[in-house]
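One chain, chain A, links the two complexes that follow: it is found with chain B in the first and with chain C in the second.
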Partner chain A sequence: MSVIKFLQKTFYRRITNHTTVNLKIAKRSIQIQPNSDRSTEQTLINPLQHEDYFGVRKLVTVEDLFNARVHYGHKEGCRNQNMQPYIFGCRNGVDVINLDETLEHLFQALNFLSHVVYADGIILFIMHSHIYGHAVEKMARECGEYALTRTYYRHYFLTPDRHAAKLPSLCVFLSLLNNVNQQHSCISDCAKVNIPTMGIADTNSDPCLVTYPVPGNDDSLLSIELYLRLFETCVKNAKQKKKDDTAHAVDSIEKIQ
Partner chain B sequence: MTSTKSFVWCCALLRRCAAKTLSPYPMCTSNLINSKQLLVPTSKIRERSYSMTDAGSTSFAKAFEEQEKIKEDLNLISTHKVPKEIDTKTASFATLLRYSPFISLGDFQGKQLYGRVVEVLDDNLFIDYGGKFLCVCKKPRDSPSDVGPGSTVQIKLLDWELSARFLGATKDITLLESEARIFKVEPKVSRKGPNPVDVN
Partner chain C sequence: MMWVSGSTCKILISAAMLTQKRALSTSAKCLRNLGNVQLRTQETNLQKTKHIKYSDEFLIKQAEKYKLNKRRLANMMGEDPDTYNDEDMKRSIRYLFPSDLDEEVLPSMEHPSKLYTSQLRIHWDENGRPLHYLYYSKKQNLNHLLHEIYQYIIDARKMGNTRKRSSSLKTQMSENQMEDCIEVDMSKEDSKKLNLDGTRWMTDVEISREILDGEAVTPMGYRQLIAQLGRLLEEENAFIAKDLIMKLRKTVPIVSMLGDVKEYEVLDDGTKCAEAGGIKKSAVAKVKLLSPGTGKITINEQPFLNYFTFISDRQTVLSPFCFLGLLEKYDVHATIRGGLNQPASFGSSRGERRSPFPSASQAAAIRLAIAKSLGSFLTPVEVEMLRRAGLLTQDKRWKERKVFGQHKARKKHTWKRR
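This part shows the complex of A and B:
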């Protein structure tokens, strides 16, 4: 157990509450120096040095997004001006989201999610919807993380009881709006307490305060199921990868010693 | 501003009432329209049946075979022509969109489409026709008794999304629903059996 703790402290910075995760800074500061005294085999793995350590780019294609109706937006009257860069065009009054943009944003988001899970972070899935709430809760339970599908109150994040509650490391929004089509108040609260956010931004949502926005449809069942499947896969893969890497590192260190 | 706010709250209240009565289990994806069957207008099917009678096929067996073929085609056809050189696995989004039923459908207003029932609540049918939202229609009085999730219906689409700009508002208020009118609920019969073609 002590070997594992030593590894966690030295080679990978734990992402805890109130720590802003900045991958670019982390990449510069963590550098692996192969020790010339010992064997040349690198025993310490740094996932941050890899472009796509968790193979997130193989999970989904533009065709999958297309068949899941991710490109359907709301009517042009509902459009939020901040979504304009992600909108491909407007056909018969219906906004069409550019899936090439969506795919790139989705890869960034899934990669970040995987890294947070790898660093033992706590994920909170948020979706204030009567229709899809149960599906989100079920998915969160299955991958061992948490979900909030009811009304969010400001005091949840802004005045937590420090002895009882722990704030999440990352908030994943399946929809940036609450049940009355207003911006979810949790988004601004996350920004206030330095919790990174990730969210599916439909054409009527405001993606500004979200750290990793993913433009896409949040109203069709097929789209929501696709996102849930992707998030679940990423969380499970990252946890498995963590187990494997820790076991591999422990074996390597024992071999040297 | 207050009128729009109160309207929004009314909608939320209605939805909350509806949610309490809806079943707690998530909707089954298998009841949703297969991607290949998206937005299939019914008019294309009727055109075929008229051309069959015009061709003057007198034998009943021949007519029966044609009927079967039409029913089989329903599952495979798209109403648009996708060029053979397009590979959907490597195509860009623009190409996929250009050759999608969404574009070839044209104007949604008044289009007659095939839909599939996803949920039944009292005498309301929640129908998926391949669009962004489901449409909610009253069950017709002359519909078969075994109408349930998975039944095929023919609908006339009136609105892709029910949204409107109210006085004093900066953005539209949306009901997150499509509007359509059912004109036929198809009975659950085996594919092999003859089905009378709808003559409207």
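This part shows the complex of A and C:
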């Protein structure tokens, strides 16, 4: 859990309108070093010392996002003021999301997700939607992680229960709104209990309380499928990397001995 | 607390309540050791026992103990331990501990999987990681069932859309999904039919007990489940989910009057005669049905049309025959006492007032008697039809008594503001 706390200190976002500035701060706080050789001196790998340990930047391009209709926002009247920095513009009364911002936020988010999975964290995928809930549950099951696509019992995370399973280490929201277009109550509950959150923020949702907001469309089938695919590959890759690294570490320790 | 002999006590050890050392700290008060004997007592302080949960290893051990104890009981009763049923076990426990008390209070021996419901079990591993992917929804088993049903709905729609792409959101398919289309074996036509006759959906209690491992089902959750299943049944290709659907259905036994239907007697002429009685309010009717007949009806040795002058009464009496299309095929000899017109049986004070018209209650009593006696000549299906039409149920309504402070049973005095 110390890894998570370290990450929270460095990445926890302060509520400002200048997201690009924040990202730079975040980047500076990571100790960026050139990829170290796997010499006998450094048998234990620290993935946090790498800028992109899981190769997340190779997974997606702006063109992929465009083809998946991630830039489609809602109508001008539905716009949430806090989404202003992420909106590229407005055409025919429909907001268009800035895909450059989306891409950068997405890389940060996927990187964080991979690190949490690498540290044996519990990921909870949340999407309160009748249409896409099934796909989310299926994806979570295949990853070996968890899903919540039904009613969320308010303050579930707030009541401490010694005789229950652990709370999730990271909550991934595929939509920040619930089925009645109100902000999902799990977001504030996670903030109260220090659980980092990650979420796809459409133009009508509020990204303030989310640690890693990703501006993007949450209503189109193609965009949801894209996100699910990305999350799945990240989780699986991170788990595979964990296996490989532990095997490699064991081998190298044995060699030394 | 019950005192029993030492040899039978070991049998009494319900495998469920032998708790492990880890749980002893909180449930030590549950167990009272009396020498060789471990008796089962219920910890009534729910606050203390609320958080006690049992692991899978514990359950496996309990299951093994249960098996052993079952065989011991069989040997004790002198029965074959290999073919020893749950029913045999119940019977032998009732024999060993006879009592007039309710079944819930008496000792029982149940398999640990029934005693340790989903709520009492540990659903996470040693690292605190949940075992079920829907753990955080709090209704993991029910939501998984809903997930499965929805998967079948999707598959059923895919099968219908192999040729053309539908534009609606729910049936929209991307390239990946097109590859997963299911092929149907068109040669097996019977497998396509889903016959739900004579079955009903399981109740929420049954589903919780038998399918969801004892996880509680709320009324809302049950409604959701039934609605989802309804949506599945609306699909053309719902037969792919046949196993799951039949698992959630229970047969409805046909309730008919076959038990009460007597066999007809054969008279000297060769005619068949069936007798039955019918009651409505104070009217008591006895009817003899003769077959083959010409549709002749006599009531108290009077012709039918003379006795019942009202058309409604005539219709009532003839309705069982009309319903089955057997109007002129039976002869009826009916005797009736009671109702408004005649004194009731055994000289009761009711019904001493005589009116020139026979009453509807008499007609209804005769109708019931005719329907019952007809049963002797009919197939069980036709008897079931009569029962479903309501012709075989006795109308138990009586006149409501007059209430003081009011005019009649319900009619109240005129309401005055002041």
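Heads up, the rule we're going with is that the second predicted complex is superposed on the first by the 214 of 257 C-alpha atoms of A that agree within 3 Å, B and C clash if a C-alpha of one lies under 4 Å from a C-alpha of the other, contacts with A are read in each partner's own complex, and residues count from 1 in each chain.
One rule holds for everything that comes next: a residue touches a chain if its C-beta (ideal position, glycine included) is under 8 Å from a C-beta of that chain, and two chains touch if they have at least 3 such contacts.
Model, not experiment: these values are computed from the prediction.
Colleague: Regarding the shared-chain residue A:140, is it in contact with chain B (first), chain C (second), both, or neither?
Modeller: Touch partner of A:140: chain C, not chain B.
Colleague: Just chain B (first), just chain C (second), both, or neither: which does A:225 touch?
Modeller: both
Colleague: Classify the contacts of A:165 with the two partner chains as first (chain B alone), second (chain C alone), both, or neither.
Modeller: A:165: touches chain C, not chain B.
Colleague: Touching A:92 in the superposition: chain B (first), chain C (second), both, neither?
Modeller: In the superposition, A:92 touches chain B alone.
Colleague: Is A:214 contacted by the first partner chain B, the second partner chain C, both or neither?
Modeller: neither
Colleague: On the A-aligned overlay, A:122 touches which partner chain: chain B = first, chain C = second, or both, or neither?
Modeller: second
Colleague: Hey, is it chain B or chain C that touches more of chain A?
Modeller: B
Colleague: Just checking: does A:71 make contact with chain B only, chain C only, both, or neither of them? Give me first, second, both or neither.
Modeller: First partner only, chain B.
Colleague: Should A:249 be classified as contacting the first partner (chain B), the second (chain C), both, or neither?
Modeller: A:249: touches no partner chain.
Colleague: Just to be sure I read the superposition right, which of the two partners does A:106 touch: chain B = first, chain C = second, or both, or neither?
Modeller: A:106 contacts neither chain B nor chain C.
Colleague: Taking the stated contact definition, name every residue in chain A that is touched by chain B in one complex and by chain C in the other, in rising order.
Modeller: On chain A, the overlap between the chain B and chain C contacts is residues 131, 134, 138, 221-222, 225.
Colleague: Going by the contact rule set out above, which residues of chain A touch chain C in the complex?
Modeller: Residues 120, 122, 124, 131, 134, 137-138, 140-141, 144-150, 153, 156, 161-166, 168, 221-222, 225.
Colleague: Taking the complex as given, what residues does chain B use to touch chain A?
Modeller: 8-9, 11-12, 15-16, 19, 22, 24-27, 29, 32, 35, 88-89, 91-94, 96-97, 100, 102-103, 106-108, 118, 131-133, 160-161, 163-165, 171-174, 176
Colleague: Along chain A, where are the residues that touch chain B in the complex?
Modeller: Result: residues 61-63, 66-67, 69, 71-75, 77-80, 88, 91-94, 96, 98-100, 130-132, 134-135, 138, 179-181, 204, 217, 219-222, 225 of chain A touch chain B.
Colleague: Would you mind writing out the residues of chain C in touch with chain A in their complex?
Modeller: Checking each residue of chain C against chain A gives 51-53, 123-124, 127-130, 133-139, 143, 147, 150-151, 154, 169-170, 172, 174.
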